[in-house]
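Chains: A, B and C, in written order; residue numbering restarts at 1 for each.
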Amino acid sequence: MDKGKSLLGRNPTKSFLQNNVIYIILIGYFVIFSFITPRFFTISNLSNVLRSGSVTMLLAVGMVFTLIAGHIDISMGMNMFMSATFACFCGRMGAPMPVMVLGAIAVGMLGGLLNGLLVGFLDTYAMLPTMATQFLFRSIGLTILGKRTGIMPADWSSISTVKLGPFPLFVYIAVSLALLAQVFLNETKTGRRIFALGDNQKTAIEKGIHVFRIKITVFVISGFMAALAGLVLSSQAMEASTSIGITSHTYAILAAVLGGASLHGAKGTAFPGAFVGAMLIALMSNALGLTGASPYLYQIVYAIVILVVYVLDTAKHKENL
Amino acid sequence: MKKIISLVCALSLVLVACGGTSNNASTAAPATAGGSDEPVRIGLSVASETTNFSQGLVVGARMAAEKYDVELQVVVADMDAAKQQQQCETLIAQGIQGIAISPIDADAIGETMRKIREADIPNVVIDRAPNDMTNVDAFVAADDEQVGEIMAQTLVEGCEKYGVDEIKCIEIVGSLKDNSAMLKDKGIHNVKDELGINIVAQVNSEWDTESCYNRLNDAIEACGGDFNAIICPSDFLINTVLSCLEANGKKHTLGTAGAVIIVSGDGAPSGVKMVKEDYVYATINTDAFLYTELAIKTLADIIRGNELENPRILVQALVVTKEVAMTNEEIWGNVFADQA
Amino acid sequence: MADRYLEMKNISKTYPGVRALSGVSLGVGEGEVVALLGENGAGKSTLMNVLGGLIKCDEGTILINGKTVHLNTVSDAQRHGIAYIHQELSLFTRMKVYENLFIDDMQTKAGFPVLDKELMVRESEKVLKQMGIDVPGNAVIKDLPIGQQQIIEIAAAVLKRSKIIILDEPTTSLTNKERDKLFAIVEMLRSERKCIIFITHDLDDALNHCDRCYVLRNGQNAGDDSCADIDREGIIQLMIGEKAGKKFAKTNRTILDEKILEVKNLCTDKVNEVSFSLKKGEVLGLYGLVGSGRSEIIHALYGIDKIQSGEVIVKGERVNKASPAIMKTKGFGYLTENRRDDGLFLTLPIFTNITITAIEKIKDKLGLISRKKDLWIADEMIEKLHISTPGNAQLVGKLSGGNQQKVIIGKWLHLGPEVFILDEPTKGIDVGAKKEIYTLIDQIANEGTSILLISSEIEEIIGMSDRVGIMANGQMAGFLENDEINEDNIIHYTMS
């Protein structure tokens, strides 16, 4: 039977809608809420959205890498926590801020390395290994804290408060990283190899791709992103709070998939995908907060959006088989 | 044949499990006959080791343990209600004679209380009331609703002191699922009208620093930056609140123009520090040390054969303004100052 | 005889308990196309896996251009210019054409670590044009027809300057047009003096397009000959080691007039005004080329395609709402075209596959599945159908194609169906097994089951059918009975 598809037979409108659902929802959001409240379309409010969205975006970019490779990283939230606790530790030892930052990043990348090694050696889908490392990272983080709170030194607040023009500096850094990541994914050899691995590991091996190395690469990148997110969050709370990261991986996955990544691998973009997905989540929360809506609504709205996105993603995937 | 064997095995496991717990109850009972010169074994279950409050509970318990000749076993559940239940069950199995619990989840703890009652072990619950109080022997806490009222009154005091006439307050609520947080909220709302507090926005922090930060930002936006007071439910969030204010250019010491009058709760080291630094007007101290001291004392008494006088043990709230913070060395916020 | 470009000499490979290859030799010269033939299990795949570097042989030598080579890994083989195009295509289906062609040799722009996509797209289109297809380098693989996908895989081999190309059953899923294209490419490769090894079950393909035939039997060389000097009979004789005898001929049977199935003026979006009837105990062969609509009739019968107009009547009663479950209750069994995808649970054992259709039959008093009854039915089928397997618990995915087909037949047979629909029952099955299946089907028909046989192999239709219906362009072109059934008449109707 001929498995070919007649491209002429497909409804072009339906295709366009399916592929661009996220942008349509985004624009719709902007329009609707600009009408509902005048406070929405102000620099300071948009700055807040960018601020909270950028944290999710950092995590989402990391998640995009592992998703494209056909895996996932459930441990991102706890890696974020662990990195922040290490920064706190360095601070307690009297290290200056740059050292604290580098320390956090190093720990985050080491966590990612562990994930990569596990996934590489076990040669299984990353869900279970990263679920396990999730608990490990949290324990390590709590141990680093000891029986003390994770309060950060006073100058730590600059990470999240320093502004460049109307927006916080870290937002620019985060967006630049997303752009860089996208270039890396689309325009470099390694980037293409990540897609190949996610498309078909067996074929990738046959074609001589070092899948083990690719796995390490994507998880270390994911750990790096987690560390960066941890820097910002711990700066906002001025402590390596134990509430950091508990549900983060869920929003990271949600943002990545909203932005076009697929849980089946070989698909996804850091920019505009992860960026748009993260901003949409931030916008939802912002809208609920601005309008003083019932706090119970948050969970319901998220649940509906997750379902819609999942259904669309699976429908697209089935159609493409 | 295989099917029948599997069924039988499954059934026997169930029977053993049921029988197991009742066995524990019978071995625990004889231990209570000890006289008052033997150390009593008491278990303490707390939610975390890294929040000021929980640390305070543990330290207070250890101090009380020495004072009342108690062998103390502490278990830490790290914000996981299921883990707390497991740990409590382990304590029961290890044959403790009394248990003090600071519950993580008011719903989930009900099951644990039932098991404790079945094992016939005297218990004291600290700080957070379970939704089902039937199995609770004694409850040590501040009167959360009253604390809420005190917070509101303290806020009015602070506003008067620093020349704020019309109070526009952003109220941060701990979590909708947390009974004691909701009681505080109720207390505030009981008196806000007669005190003239206008709550311009409410923030649900879900006890998460990230959510608190983002939603506080949204709330500040929603009221257009037109607010001059904040009620913060716990010092756990105070650094986040101040950081958020700083990002909005509203972090000022009391007495300077545009300063926001903040009242917080718990009296934890981080809160007390901010009071001393004039960023926070007052924090309502509910002394963590005192919670566990009262709990341990009560348990020790019961185990040694004395009768329980009052199942509802009230911890008095103390308003810690700057004067109090600077002079009262005994409050746990000062004892623990290095934890700020 | 001087060594040809590729010489495999005395290759042996033993697995625990099985001697897969004993002293097999094969040689291919430059610009030569060699067909590798043999029944399933004869050792073709094993031999090619050795050549492809997937497994190591225990004994023997391989010489390429006169020099001994050691092919321990796939990269070794690739370095020596060997490309193995497997039956299951080795492509990244969600990626683009140029990415697939260049994934192991990506081109970057001068100086920067950035991919030079324009270059790769251009080169891809160039190579594919050479092979006779016009495909944009940016097209995504899964959007392309299988025929083109296959050519792209061959193109990858060409790009790598492979000298030895192994094609494993390349024509199985192709339309006629695509097959022609494929053979045109083979010719092109031949003119470029490449060595080509063609593993196939299609004897006509072997004879028409290859220079030489190598036949393996039971892990040994059964013989080889130039394709000009041998014919079908000769090859079959080498393959099964005995005189093939005549082509299969059905037994003569008495057919009642009672119509068990009637289709009147059936219209769907794929077929138009199809009418036919099936009598009790008869074998009705439906012949037609790929795409003529034969399977689509069955899809309509089963409710998979929507019926726009027309009637379906089973045992005198009109079928109003069709679904696979309903058809099963009416006594229909259906052997689908894609046995691997639709017919079997490959990771489950034989007995589960066989009894899946009748769970009620194997329940015991408690309402749980009785393993005893389960195995009993399975064993009965294994014996009746001569399924070759070490045991009833063997995972179906490990059986040969012919045996898998028998499992599917068994799945329906133990229910005692009244009508058995068989869609391409011997596709991809070797000659020996084919004969077994024909005998089986004939036997089932003799026992009173009516059979609707869909096939695109003329000889199969002629040999098996009591009556033949020919489909062309979504319509019933004509019917043939008794003496009318011969190749000429069938072709005549096909062309109409």
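Here is the rule we go by: a residue touches a chain if its C-beta (ideal position, glycine included) is under 8 Å from a C-beta of that chain, and two chains touch if they have at least 3 such contacts.
What you see is a predicted model, and the numbers here were worked out from it, not measured in a lab.
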Chain occupying the most central position, where position means C-alpha average: A
Taking each chain's C-alpha mean as its centre, the one farthest from subunit B: C
Between the pairs A-B and A-C, the one where more C-beta pairs touch: A-B
Whole-Å separation of chain centres (CA-atom averages), subunit B against subunit C: 70
Gap in Å, rounded to a whole number, between the CA centres of subunit B and subunit A: 33
Centre-to-centre distance between subunit C and subunit A (centres being mean Cα positions), rounded to whole Å: 45
Complex interface listing, subunit B residues touching subunit A: 48-52, 55, 78-79, 173, 176, 201-204, 207-210, 213-215, 217-219, 221-222, 224-225, 236, 239-240, 242-244, 246-248, 270, 339-340
Subunit B-touching residues of subunit A, taken from the complex the two chains share: 37, 39, 42, 44-45, 48, 51-52, 55, 138, 142, 145, 147-151, 157, 160-161, 168, 233, 235-239, 241-244, 246, 282, 285-286, 288-292, 295-296, 298
Residues of subunit C touching subunit A in the complex: 74-75, 78, 90-95, 99, 103-104, 106, 108, 113-115, 142-146, 148, 173, 175, 290-291, 295, 337-338
Parts of subunit A lying in touch with subunit C, wherever the complex brings them together: 1-5, 7, 183, 187-189, 192-193, 195-196, 199-200, 202-204, 206-209, 266-267, 320-321
